[in-house]
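Following this message is one structure expressed as structure tokens.
In order of appearance the chains are A, B, C, D and E, and numbering begins at 1 in each one.
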Amino acid sequence: AGVSDDVVKIGVLADMGGVYADICGPGCVTAVEMAVEDFGGTVLGKPIEIVSADDQNKPDVGSAKVRQWIEDEKVDAVNGLVASSVTGAVTKVLTDAKKIALISTSASHAFTTKACSPYNVHWTYNVAALANGTVKPMVDAGKKKWFFITADYAFGHALEGIASKVIETSGGEVVGAVRAPLGTTDFSSYVLQAQASGADVVGLANAGADFVNALKTSAEFGLTETADVAGLLVFTHNAKALDPAIAAGMKATTGFYWDMDDQTREWSARFKERHGSIPAMGQAGAYSMTMHYLNAIKAAGTDDADAVMKQMKQTKPNDFFARNAYLRNDGRMVHDMLLVSIKDAASRKSDDDIYNIEATIPGDVAFNPMLPACDFK
Amino acid sequence: MSADYVLETRNLVKEFKGFTAVDDVNLKVERGTIHALIGPNGAGKTTVFNLLTKFLTPTTGTILFNGKDITSMKSAAIARKGIVRSFQISAVFPHLTLLENVRIALQRNEGNSFHFWKSEKVLDKLNDRALELLDEVGLKDYANAITVDLPYGSKRALEIATTLALDPEMLLLDEPTQGMGHEDVSVVADLIKKVSANRTILMVEHNLHVVAQLADKITVLQRGAILTEGDYATVSQDPQVREAYMGVEADDEVANAIAAESAAASAAEKEAVK
Amino acid sequence: MSSTGEKIRIVDLHSYYGESHILHGIDMTIMQGELVTLLGRNGSGRSTTLKSIMNMVGRRSGVININGTETIDMPAHKIAHLGVGYCPEERGIFSSLNVEENLMLPPSVRSDGMSVEEIYEIFPNLAERRYSQGTRLSGGEQQMLAMARILRTGANILLLDEITEGLAPVIVQKLAEVLVMLKKRGLTILLVEQNFRFAAPIADRHYVMEHGHIVEQVDKDELEAKTEMLNTYLGV
Amino acid sequence: MKINKLYVFLIALALVAPTVVYPVFLMKVLCFALFACAFNLLLGFVGLLSFGHAVFLGTGGYVTGYLMIETGISPELGVLAGTAAAAVIGAIYGKLAVKREGIYFAMVTLALAQLAFFFYLQAPFTGGEDGLQGVPRGALFGLIDLSDNSAMYYFVLAIFLFGFWLVHRTIHSPFGQILKAIRENEPRAVSLGYNVNDYKWAAFVISSALAGMAGSTKTLVFQLASLTDVHWHMSGEVVLMTLLGGMGTIFGPVVGAGVVVTIQNYMSGGELGNYIHIIMGVIFIVCVLAFRSGIVGEFQKLMKKNFG
Amino acid sequence: MATIFGINLFALSGQLLVGLINGSFYALLSLGLAIIFGLLKIINFAQGAMYMLGAFFAWMALNYMGINYWAALIVVPIAIGIIAILIERFLVRPIANEDHLYSLLLTFGIALVLQGMFTHIYGSSGLPYQIPAELKGGTKLPFMYLPNYRAWIIVSSLIVCGSTWWVIEKTKLGAYLRAGTENPQLMQGFGINVPLITTLTFGFGVALAGFAGVLAAPVYSVSPEMGSNILIVVFAIVVIGGMGSIGGAILTGLLMGVVEGLTKFFYPEASTTVIFLFMVIVLLIKPAGLFGKEA
């Protein structure tokens, strides 16, 4: 036991300059730094070090970097992890090397299902939680007919798929879907098709700029007047970019909102002071996860991955981020999710005042159940 | 038995948007001769060349080479058949040596020009032939010089050597002496004479001295159609040719006439000044 | 010699294309109404001399005085406005313009240029093909167009580079007449010519160039006397 | 003679390098060096700027990756298959691209590459943005286990040397002579009876095959094939490597690849991470404005000036 | 609803119109490229970045200086034109005599730098820009609800493209431009200030992209990536149309917008690739492009 190489080294791998940089880029590094500082900078008397790298959202760049971290720099765990594609590649490398993946921002639920591993920790949210959180209440409220505008790649397909399942099991119906390629700027055709479908709800199974563009166009063509438009994955930064006149009232599911209570406000204020903007859910997740990881090392008395994983799963995380939380054996961190709605301009008290919290979704309702095959003790 | 024609056109026509540049031309080029195509500017000489080498497609008519119809062949294929054209601009590979220039042409018949896995040393066996050709045009001593550095006339000569390397049955020369000083003109004219052995040459040329010196037969084009044909003596005496092409007074007399006129003019001018 | 009659005065002109030094100190003076030719072998620097006057070479030094104005530091586009018309060796016909547009293209630099009708009369070929694309003309027709183009601008100093190139003897003859006529109108002409037969009878003076130097100046009256010498320089 | 000594020295250096430098990094350099050499064959020696060469890198990678995962063939066959696939795509794209020249050629290749990018993004067998993950390296000839980094390194080195040799040979072959002639004066080459488009096409195919080989090898090294390799950024990167190293020189692309990969490696870890595109852009601008012969080209000039 | 062969005609007309809107952007961008290519013989790889810059400038003008949309529509293209003029003067001109591939690479570098800078400063999630109040709302057509702003895009783009076409093809200035593209040196010799014309043309061509950027700001999210993706498509369009004619660039742009719109309707998965496929077909049948002159 003890600390290998006399140092605990955490790598933060994220998109430092690309499309997801705002969601979990330098901000995730800041969050992890804050965690290490708050923890005291050492564990078991050994220093805690952070290294960070840009994965450029490229699986090859990310996995090469992580390989090098493991082989050359003795990194013990990798935090951050944004694009699911990178995460997929990186978790394979980490698992082979028996090192821990601390996944903060990736959406795919694969890391705790078909690509699950004893060394994966998936913290903030996943597509299942999004579908359960946003879609189910709407169907239950009588919005039965759905149409999807889906990002035409793995992430969009997964999100659409899981949302469709939720709709069907709740007694709704998917009347159509259109696959818009990643990076589409002009959504008008798709919006016209959605309009023609006569759906009650148009689900946007995409993210980032795609989501913003699709929503804007929906409003322009009057789709928002005749149907509900639901964003299935909305980050605070994107919500901020939307015209409140268009977006107001839209519901979304999120793993974290800075303005929930004093605890979240306290931490978010500290974060904003350091980083310049309010934290996105993945950034808050990255902090929370790091804390839990360091606490587990301390409790286990070693940084050995198996021991630490065991320790993390045994103790329940509980901080400003993780509420009613526990780390499941498959690596899924189950915690309360928030159903929020976007505020209209009039009721916003500041630029950062974006959401109304509508409801808290208990973790067990939000997340997908554990697969027996992924039940790593 | 009719004469032996290498190249024949039958009712060759080329129209450009309602304008007929070549109008029903029946050209017959006899094997082993130097045949000149002359005519006023815009008569259609270059267009005929372009048709023969398929830089342009005939509107109607056929082109026969050695009795075979080549009307539908592509440029490169025609070159491979043995009709090679020289350009008005000098056509050399400027940063290769003279030897390499000629070798590029020789290489075509080697059948190894797609062989990227072989060393270029396999081409060395072409060197002797290349030197021979360079010798023929008087450039042997410069074989390893880089082509850009050559004077204009020598580039022209090199171009001819390269063309000969293809061992063409027929050479098409478009104004081969254009832009040359008198000295070079006679060098090139001699060269053409020399290389015409065993070959057929069809040339366009405005320099009547060269035409007179070289051509066995002359075809005069005007407005796209053949005006007359024959040897230099016949053609140059033809009043129609004199009017349309050579000017009222032919050739040498031209200079005299102009001299006289300008003398008169300057006299008049002096008059005026006074 | 009155300096008012002096149209072009060049003193110690050196010209370069990039690294290569082409003209090595040219001196020449051309008077109003004179027709002067530049003779020499290929590559002796005759075209370069004309281009230097037009500031179309890489770099130049010395004195080039046109119509009393010093032009060595003048940008290229201002030179034409001193009344200079330049007909380049390679003709420079524009393929994106039709024949008539080509003809009308150069801005007038003086008011007394030839009219389009006059020009079409001299070159009937051009009238006939006036709406075809400039570069679709035959070689000779393009040559005519290039020459015609500057006659329209009213330039009274003409720099003509090998204008008889590729022309049928009839047209060459016609051109000679045109030049004589222009001279009569008082235009100053600097002519680069290979065709000595064409140039000899109409020129007042000849400069002979070799390797970027002027090696000889021959007056019209001295032609006969200096034939021998010309022969050795030009191989006539 | 001198040249031969240089080669021997360099190969010796390459053989001992992994004992000093992180082998995966070296393999990455070698893969990109091969890619850049293949690209340089077109740009530097035929004068064709392909702005879509990433397609071939990516195609090689995907095909090799797919076969290694699905069929478990041995790695040398995987590389061969990837190379062949890239050659086939190259043959098709080349046929189209050589119909246009100069800048148009660049645009056509870029557009065709984008076509392929979207195809690979949407096609089921590529795993979309996830890419093909966990590609096994397998055992060379069924014998030598390549999961060991140093074994893998020597395999990569061998492939690189083969590719490098082939490029060198192509340039100095009868075929290379014709390419040179085409670059010098294309209309003249036509008039001598050469179908220049066929020659350009053949060069294109060779280049794309080698680029594919680089991609296949890279996939084995990183056990991953992804969209990165077919994205236009990658096409831009190989242009940068070649330009920086010295286009039209034999060693230029290798040096360029080394420098660019090193910069990227260095920056991806540090504070400069998010400046990467800016820095790449600046290098481009500086190279074009002041440094057109590239590192190797400028070096050669210097040698010539001082010792030549 | 009117249907024929099972196709909803109303929906189809809607898609056609939507295609035309997209085509308006393509037309503006390919026109800009064509003009610049014409005179400088370079492909401005930074054209996409300039389009992006146009959108960002509009945003910055509004948020930092309070300059509204209408003013931005004038001011921003001018500002971008000035930037372009500086680029031409100090970066492009020094290499004007080198192989044109270098200027392609140069502008590629510029594009990378600009995109990188804006990503660095503003991130890449995109910034909001409102549709100007005057153009909010829409018109109910029988087959679709046409937002007023979209109609404005078509109208303004057609006006700008049309007048540019007219100036180049029908005026003396245009003749100077066309001739200057072929033989700048000789045009100088005729007394025309070609460097000035060149610089201004470059400025204008780039300003067109800036204009398109301002037009785009309210409908697409203002983000650093917006330029690079559209540019590659525009390249394909340029190949399809052939650089031969200004009118060709405009028409092909519009046409391709429509083709793309139809594809989104009939087979959306292919919508990103259809223009490239179209390019392949054109290359096979008419390598010089639809409006290209024979080589």
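Here is the rule we go by: a contact is a pair of C-beta atoms (placed from the backbone, for glycine too) under 8 Å apart; a residue touches a chain by one contact, two chains touch by 3 or more.
As the structure is a computational prediction, the values presented were derived from the model and not from experiment.
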item: Set of chains whose contacts include both chain C and chain A; value: E
item: Label of the chain whose CA centroid is most distant from the centroid of chain C; value: A
item: D-E or C-E, whichever has more C-beta pairs in contact; value: D-E
item: Centroid-based (C-alpha) most distant chain relative to chain B; value: A
item: Between chain A and chain D, centroid-to-centroid distance (C-alpha), Å; value: 37
item: Euclidean distance of C-alpha centroids - chain B vs chain C, Å; value: 28
item: Between chain D and chain C, distance of the C-alpha-averaged centres to the nearest whole Å; value: 53
item: Approximate Å spacing (C-alpha centroids) for the pair chain A, chain B; value: 76
item: Numbers and ranges of chain D residues touching at least 2 other chains; value: 118, 122, 274-277
item: Chain A residues counted as touching two or more neighbouring chains; value: 17, 21, 152, 181
item: In contact (per the touch rule at the top): chain pairs; value: A-D, A-E, B-C, B-D, C-E, D-E
item: Interfacial residue positions of chain C with respect to chain B in the complex; value: 40-43, 89, 125, 129, 132, 136-141, 143-144, 162, 165-173, 176-177, 180, 183-184, 194, 196-198, 200-202, 234-236
item: Complex contact set, residues of chain A against chain D; value: 16-17, 21, 25-26, 51-56, 58-61, 63-65, 67-68, 71-72, 83-85, 88-89, 92, 152-155, 157, 181-182
item: Residues on chain B engaged by chain C in the complex (per definition of touch); value: 16-17, 19, 38-47, 88, 151-153, 175, 178-184, 186, 206, 208, 244-247, 250-251, 254-255, 257-259, 261-263, 265, 268-269, 272
item: Chain D partner contacts - residues on chain E that touch it in the complex; value: 37, 41-43, 91, 94-95, 98, 100-106, 108-117, 119-120, 228, 232-233, 235-236, 238-239, 243, 269, 272-273, 276-277, 279-280, 283-284, 287
item: Footprint of chain E on chain D - complex, ascending; value: 49, 96, 99-100, 102-104, 106-108, 110-112, 114-115, 118-119, 122, 232, 236, 239, 243, 274-285, 287-289, 292
